[in-house]
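Below are two complexes that have chain A in common, paired first with chain B and then with chain C.
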Partner chain A sequence: MRLTYVFQRVVLLLAIMWMAASINFVLPRLATGRDPIRERILSESARGGGATNIGMTEMVAEYRKQFGLDEPLPKQYVTYLWNTLRFDLGKSLSNYPKPVMRLISEALPWTLGIVTASTLISFTLGTILGALIAWPRAPRILQYTVPFLLTLSAVPFYILGLILIYFFAFQLKWFPIGGGYPIGTIPAFTLAFFGKLVYHALLPSLSMILASTGGWALGMRGMMVTIQGEDYMNYAEAKGLPDRRIFFGYAIRNALLPQTTGLALSLGHIVAGAGLVEVVFGYPGIGSLLGESITRFDYTTIYGIVFFLIVSLGLVLFILDMLYPLIDPRISYE
Partner chain B sequence: MTAAASQSAGQAATLRVRNLRVDYFTDAGRLRACDDVSFELGPGQRLGLVGESGSGKSTIALALMQMIRPPGKVGGQVFVENDELTAMNDAEIRSARMRLIGMVPQAAMSALNPVIRVRAQIADVLQVHEPSLTSAQVRARIAEVLEAVELRPEVANLYPHELSGGMKQRICIAIAVALRPKVIIADEPTSALDVVVQRQVMDTIGRLQREMNIAVILIGHDMGLMAQFVDHLAVMYAGKLVEIGPTRELFARPTHPYTHMLISSLPTLGQKGVFRGIPGITPSLLALPSGCYFRTRCPHAMPVCTERAPETTSHGSDHASACHLADVEGGLAGRIAIEAGSATVRAGGFE
Partner chain C sequence: MSGFLRYLRRNPSLGVGIAVFLLLFAFCAIGWMRYDLAKAAYPLAAPANRPPSLQYPLGTDSQGRELYAVMVVGTILTLRIGFTAGLIGLVIGTVLGFVAAYFRGTVDLVIKSLVDILLTIPGLLILVIIASASRTSMNINLLALIIASLAWMGPTRNIRAQVLSLRERPFLQAARLSGMNSVEIIFLELMPNLLPYLAASLVGSVTGGIFASLGLEALGLGAMREPTLGMTIYWVIYYSALIKGMWWWAAAPVVVIVMIFVGLFTIGAGLDELANPRTRRVV
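And then the complex of A and B:
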């Protein structure tokens, strides 16, 4: 029974990938009246000095052949899907002939680093804080954090990023203005370089942590208030269990279920926010790569990134979905 | 009210409740859900606590467990043998729960934590109250209590959603007896179960309380069930204990009109087709009538009932009630006898 469900979910994941790829294939071809190859050659030759139309038609034809654009559409489609399946997302237009997949895989570790770290930290912090705020026998002083959290949760990541840059990097100069590591250093697997990495990642991560902790805390607070009205909470009191045990084993344990669903639902929001934070901080991740590609009209890279994001979100949701029965025994996918 | 349900006066009572009072402070005003309730319970006794919905039965249960939370406030004293629960601090009262005074919850269907296994839910009670137990001993005790409530030991490995209603109730009973407390309060333990399972669960509770000599307070509406199960009966109305006494005596010679009406509202085969409920509705605890709270629905109300609240009068060693009819010649029985003549005329056919 379990296996059938896993199988269904895998099929769904593949379907999402196929749809994402198909949209990527169709969209550029819908832009009628534009010829990307011709435009590209024109802009390249213009940069080389003096635009010329001599041999243009031949050149365009040659390139079209190279990109396979002279083939019939169905054949192009099959080739495209096959390439996508092999993670070949084509070559970047602005960094020609660098493959898009190479660009993505170079940028990915940066994004993965700060997004994972700050999401884990803010989720954990916010969840515990929210649980304590709602707990009658926790220190009352925590109540005063609520207005502060409410404000923070309403501020978008990137605005907070700009504020942090202004004060801590620009005015106080405690942190670098941007970048993933100091310009001029060569990435290496040394402790010193790792320290520099963390130092550069601190401010962008902080803006994401500050902006999202409030949301997690408020969500958790609401959940905890609801759960305290449940019969099993009263019964836990009647059993004479110590407060700590009831808090962790009964209240948090049950409130965590909707909270985890919340995490799954807001993944897209987190990734989008992280992208903007990267742009603000000039952090060399996927967000910045996407930003640059947009300004340079690097279509292949843009499509590649969008495809990649869709697939990875699908993948993370798939993993969360598979983990859900572990935290909630009532869900067994039977 | 100070009636003693304890049979032998010399023997120390297992549970002593003195002037128990619970006030809820709501936006609409103060509401006294338990008004000066006193009673005693001897070892191994079974006391039934009946009364309409909202009369304060669960409030008493929570007050005995010291579980009334703001906006509620408790007054009075509760003793289990020589320990005064009302004088305990938070740590002491937590250690007294389930160890001195156990509870079978009103909502057994939803009383178990849905995300942890039955084993862990029995184990945590054992471990908290008897920290010296080794994990092997805990394991053995779990199997033992499950057997005591007629469940297979494998049930420990299940989650609550995998259990039937009767099984969940049995788990709650297993937890309640796991530490062999002196007193168990069972708040409508079978109200969500079908009649057959209800019967089996009550048998299990009865057998265990007899074996372990536990005093039981059984809360419920069902006078029929009470008649079969408890040896003493306490009747509540609008937060007050209006009558208490041995079950047989209460059924044979009720001295409070409300008790009488509760008993005669029981359907019997001879009275097929006649449904005699109690006319009128319970007054709101926020707007109680003057004098006797029951006077708005009492067929025997007299002028004095409006003026002052009735005192508790004893009708034998452990039978007492609070009604002005105690001062009238013949009491309630006399009144009923007088009215009986006209009643038989009407009882000819279907009403």
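And then the complex of A and C:
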């Protein structure tokens, strides 16, 4: 792999980080005519019962100084960039003074768990299914799953989640209605607790798997159909290679690369969808955290989550890009 | 007309899509005649928490909205958001795609890299930032504009690729040699050939727009007072309707949303077939 290519990708990654941070800095400041600190103090003192204006100006000025809002804008911008670069995303407004980064790192494992598991399962399942549908010697009955899976893939994950909750959690009571683990249990590294974790993660994951398998199957089927016309396939068959070998070693191997590119491209879509699934299921991941922060007007947390997700997705894409030559030796970035 | 029907026989997915939308249209038309929509779709129009009955065909929600009326208004509003955002995105995308592919050079490089970077960033997340910065003044049109601001990358990329492939075709060389200027070539030669692609792209960007609007609304960033489909989903989650057994509250928006997406998906597949009959049939 050429070093210049790696360098280019690193620059792109930094550009994405810079863009995400700048959007976070600029957009809230464009919403003019509002003074968040003043509003906040007013609502707090109103809740305390005695809303007066005595000392208000001094208090606002003091807080502005504390948050560095009295500095000139360019200086604020530089400070902001430097802080976000160190993943210091400020403190949560609704859970003050808990740092946003801590909130995120508490919620991250949950999201990571269901997103990774369901993406891997649906990707593998969809790829194999798609390959079989396009394979002339596979059972014809598989063909009939296509319209069904495609219909499901046209629907957002969380809409499917609502349907699953009603039938499987509320009516049949096969699965818990929400949450990450049973109320009253304490998270621990035991097998029993792990079982409960999986039990709670099953329904949210299932809604994502059902909704995304069809898309993968469709993409793989298209690639397999193209590949079957290739000369090397005819040659492999003429040589008398066993069917299984042609299927796995020749057809799937070559069709896999566009699939992985597709995975990289739809990762953002998957994460956004997973967030909404979490909101629907009350699953304690980043999506639920985002939903709660929106309800509580916790702007630092909202901006922190968005920045964190954009940067981590950029990082994942970067890693995937570096892995392509391993999946497909034809790519060498020469 | 009979020619069109005969074509639908060869392109069943287009037919299915059109049928789904006709069904939705009939559903809305009946509700339009039955209800005073300015009242029934808003809180306190009916007794709360009623399951479906003859008087309230789709039931009522906890704030006393008539769900049938909500679905009629919601379908119209949601489609309006989707079409406004999708159309604006398509127009911007078409212009940028044309400029990039027709003039090439630095302009192309700038537009292409911008699209590439923005496409890797999940749009919904940026929309969350924009929407939460302007949420106190959120309304239907603002929501559509916010979504439109990130709906142009897909169309830009598609149109650019199409124009790039078209500009090398013999008929364009003939046009150039016969002395047509750029404007004439763009509007008389390129545009007519792009129409099917534009139609297919429009369906794609409308789908994206509705997807984004539903997502933002379900997160609580929509126009709180408007009875759109996404806001209904938000209230369903907010009031834990399913856990209280109020299945009708969720069933109505879920069915309508599934119909909209399946309809758009099949129409999109049908238009793809129309635009590019040589690709293998998808559905």
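The definition used in the following text is that the second predicted complex is superposed on the first by the 332 of 334 C-alpha atoms of A that agree within 3 Å, B and C clash if a C-alpha of one lies under 4 Å from a C-alpha of the other, contacts with A are read in each partner's own complex, and residues count from 1 in each chain.
One rule holds for everything that comes next: contacts are C-beta pairs under 8 Å (C-beta built on N, C-alpha and C of every residue); 3 or more make two chains touch, one makes a residue touch a chain.
None of these values were measured; they are calculated from a predicted model.
Asker: When the two structures are laid over each other on chain A, do chain B and chain C clash or fit?
Answerer: Because the two structures are overlaid on the shared chain, the partners are seen to fit without clashing.
Asker: Check the contacts made with chain A and report whether chain B or chain C touches more of its residues.
Answerer: Greater contact footprint in residues on chain A: C.
Asker: With both complexes overlaid on chain A, does A:I177 touch chain B (first), chain C (second), both or neither?
Answerer: second
Asker: Could you say whether A:D70 touches chain B, chain C, both of them, or neither, answering first, second, both or neither?
Answerer: neither
Asker: At the CA centre of chain A, how far apart in angle are the CA centres of chain B and chain C, to the nearest 10 degrees?
Answerer: One gets 80 degrees for this angle.
Asker: For A:G240 in the superposed arrangement: first (chain B), second (chain C), both or neither?
Answerer: first
Asker: Using the superposition on chain A described above, determine whether A:E62 touches chain B (first), chain C (second), both, or neither.
Answerer: A:E62: touches no partner chain.
Asker: Chain B and chain C, closest CA-CA distance after overlay, in Å?
Answerer: 16
Asker: Which parts of chain A are in contact with chain B and also with chain C?
Answerer: After superposing on chain A, no chain A residue contacts both chain B and chain C.
Asker: Quick one: which bits of chain A touch chain B in the complex? Just the residue numbers, please.
Answerer: 230-232, 234-242, 245, 249-250, 253-254, 257, 327-330
Asker: Residue numbers of chain C touching chain A in their complex, please.
Answerer: On the chain C side, the touching residues are 117, 119-126, 128-130, 132-134, 136, 211, 214-215, 218-221, 233, 236-237, 242-243, 245, 247, 250, 254, 257-258, 261-262, 264-265, 280, 282-283.
Asker: Within the complex, which stretch of chain B touches chain A?
Answerer: Per the stated touch rule, the residues are 65, 67, 93-99, 103, 105, 107, 109-117, 124-125, 128-129, 159, 161, 172, 175.
Asker: Would you tell me which residues of chain A are touching chain C in their complex?
Answerer: 12, 15-16, 19-20, 23-24, 27-28, 30-31, 34, 146-147, 150-151, 154-156, 158-159, 162-163, 165-166, 170, 177-178, 218, 222, 225, 265, 268-269, 271-272, 275-276, 279-280, 290-291, 294-295, 299, 302-303, 306, 309-310, 313-314, 317
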